[in-house]
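What follows is a pair of complexes built around chain A, which joins chain B in one and chain C in the other.
Entry: the complex of A and B
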């Protein structure tokens, strides 16, 4: 290393002025962004009527509710709740699967390495973005009006919103695939389907499967929520018991949901590891 | 007979290959030499039709392969098998499936897409692997193999294409000296044993001199040398590499690649 004192600072400064004379604007960028974020935060607190007093009163109430929740007890409704939980899981699974099945072909069309032309790709991307931009809950309200109350509306809601999200994620996975492997197939005399089947799929399948598992996990939660607005499943039971203030049943339902989500987490973790293989994890 | 006539490939205004013409009789082992950026890869890729020529023609046994499309194009690609510097295997597929990719142009698409490989094609693939001593790796994932093993799998894939010509684009540039020899010997064996024409891009002059019976020298996209290795004097070799070095790199000296220790041919080649 050169000793600090021996450095000819002036010469270096003359040769690389950009490094030494950073413009004021770039030096102030971070502090001003921080100040801006803080201002927005404070404005939000005031605007939304955040009040510590109301929170303290609320905590008092929360304590009461928590006490009434103990011990969790399903009463005579356990079979009903189990069936409802099964329904919620089915909604999540079917919705995710439907979304993925439709998203995959569309994601090919949205990937730059498959459809190089911006002209054709752009509308497909925007279409996916638009669908994705509407939340599952809103799709659920829409579908309940179209096909009526019940799990079918839930499946459609999840399938549609995740179709947009998965389509985008899949197309990014496809764009990230190694071109050389696809080229190897083409150079050997494979057609476009071969290139996708043998060059692309082996590369993107683990990514896609991982994303589907993750979406299934998170859709178990979504399916509970859209159940509350009438799309069937355990969410419906939960909303009902909160309305009639059956706190012990509420706590039991919450417990069921927590356990189900934890189990899915665990299983999908194992599955993901099995699919991706020990090599990619290392 | 492979005939290249006035072949040119432009990327924008820059000609990667500029009016190249030569013809290669069946059974030759031809080396294409020249600095990096000289246009060697583009030339090979045009012959396999991975790159689209801007002008000029490629004729094989009198047929214009530059005009082929669809199924005929894919069959030409199978007949002009490509071997890449980075192997271009599908890492997550097993070795056998990678080799079977060389049969795609022959097998009905529904069979290959469903992976219902005919027995005979499996046998062909296994025998190709056996020839390069890697039959025991058939069930392994390609990305778990060493570079030398991967390149041998790629050569097996090329071989089951039952090609008339093998286009090897710097097949040993990612390998150590020992594997360099194994892979070059494999190519030489295919050439001598099956009479398949080999057109091989090489960075190393010593390797080119050792293995090839003819050398095509390229500089700045043009063919500047085309003769037997004995005619490639040190003087011409230096010109070939320096000429362009002066053009592109502003006179910085470019070293001819370091000697790779390749013992004289004989046992390995004849085996």
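Entry: the complex of A and C
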């Protein structure tokens, strides 16, 4: 019995040499990749100044900070913080809307089924990619130089960086639309604008609305941080309170942000449900 | 024009038209109300955000001229006419960019390891108990809702200035984001292998290792690479709050109005992000074939 199975194995070996004797290169591929990744990791730890002592000290400090954060307490600045929160939500809403308004026409130009010529599409795509490659905070700094400190710079920063992202997403939504409706409109004598309005828009609109809501959500988060560089909103207060080590106020502000984001999540979930229907919510 | 369609008698048609008109009117009313509410919200928001169209129009010239100045060297010529002069600091900047990539690499790896450890506790089908699941999920939610730069601000105070704070901030954020994506992926697995393993008497850890992990490891790697891409972007601004990387050079250049430096650093950042995007896309393509790349 054992002998027979041995013979069978030998036969298999002879028939499938690749399975039993994999070349050294393919056998070493995974371990060497892992070793490489680990080596970079260790180099990074050393280069970036990690040391157990710093780590322990830092965690010790962090423990103190967390203790001092309790209980969250806004002091006398609650009205100020509420206004700042309102400002943040305003920045997010206006930024998203502005971005969508400008992104839609550009996304039509970047969609393959509207503009078939690669010659025009390619530069527009790269342009959108470039805008997206720059972080919102950097755009905020640029706009502060242009329109001055304050929430307006924040609106423009969010609008610009989302313009890149939404332009790409919208054009993908448009490319995913069904041709048949558009052809139907053309067959009944509609012109190019009619095709877009009645053939494309009804298909694309729910997707776009869903994405806008999603971006509004994520922009509430971005709008909280652009204040750190001076573009208004609750981030300004947060950065200030962290710098002057008012930890109770810091924890209160973080709590406010968390609650606001949770509320926006919930509301936009409901709205998405109303616009798209249950099917596409997930 | 010949009409092949038979037309209903007028009374019947009128009734149908009436119903149709009503249905459409209700829909139109809903759309109009929605639009009105949206516009009202916009109006309130523009008061809240101190939007001033006049400022925008007066200063829009500044925006254009800002880019004009960004692309001009100190001696007044365009940046691309004298590239060595434009990228004079490329040695220093590329070292800092390397540091930026390293920050996001180490942060992503830490975050991935910890997120990996937590996700099995958070996924509905593998969690040892509802209480553990609830706590881990809330914790991860906290980690990803608080923006990473806020963590960086706090860590700079606790751990001192330098890239370590940036790494830890990115770690915390990655734990939250990756933990959630991992857990969602684990929730979608086929449970039959798990049942099979459990019927042979395997413990919880063995079940995770031999039944769950083989189904999800490819997806995990893909999400981790995507997160690395995102983290490179956020690491590029960590320097704004003193947490290491190229950001500190950029914010100095912007604040001190070194225009051509700003554009040079931005160019290098954009190039780096492109290269990382393409690189991770290629790796994902190599690892999982084309269909998994999305």
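As a working rule, the second predicted complex is superposed on the first by the 232 of 282 C-alpha atoms of A that agree within 3 Å, B and C clash if a C-alpha of one lies under 4 Å from a C-alpha of the other, contacts with A are read in each partner's own complex, and residues count from 1 in each chain.
The definition used in the following text is that a contact is a pair of C-beta atoms (placed from the backbone, for glycine too) under 8 Å apart; a residue touches a chain by one contact, two chains touch by 3 or more.
As the structure is a computational prediction, the values presented were derived from the model and not from experiment.
In the superposition on chain A, A:145 contacts chain C only, with no contact to chain B.
Once the two complexes are laid over each other on the shared chain, residue contacts for A:93 go to chain C alone; chain B is not touched. Of the two partners chain B and chain C, it is C that touches the larger number of chain A residues. Of the two partner chains, chain C is the only one that A:228 touches; chain B does not reach it. Legend: residue contacts after superposition of the two complexes on their common chain; A:133 is shown touching chain C, with no touch to chain B. Of the two partner chains placed by the overlay, only chain C lies in contact with A:65; chain B stays clear of it.
The touching residues of chain A, counted against chain B in their complex, run 178, 180-181, 183-191, 193-194, 197-199, 202-203, 205-206, 279. Of all residues in chain B, only 48, 50, 74-75, 77-78, 81-82, 84, 86-93, 97, 101-102, 104-105, 109, 112-113, 141, 143-144, 154, 157-158, 161 touch chain A in the complex they form. The touching residues of chain A, counted against chain C in their complex, run 37, 40-41, 43-45, 47-50, 54-55, 57-59, 61-62, 65, 86-87, 89-91, 93-94, 97, 129-130, 133-135, 137-138, 141-143, 145-148, 150-152, 154-156, 221-222, 224-225, 228-229, 232, 235, 238-239, 242, 245, 250, 254, 257-258, 261-262. On the chain C side of its complex with chain A, the touching residues are 41-42, 44-52, 55-56, 59, 62-63, 66, 99, 102-103, 105-106, 109, 142, 145-147, 149-150, 153-155, 157-160, 162-164, 167-168, 233-234, 236-237, 240-241, 244, 250-251, 254, 257, 266, 269-270, 273-274.
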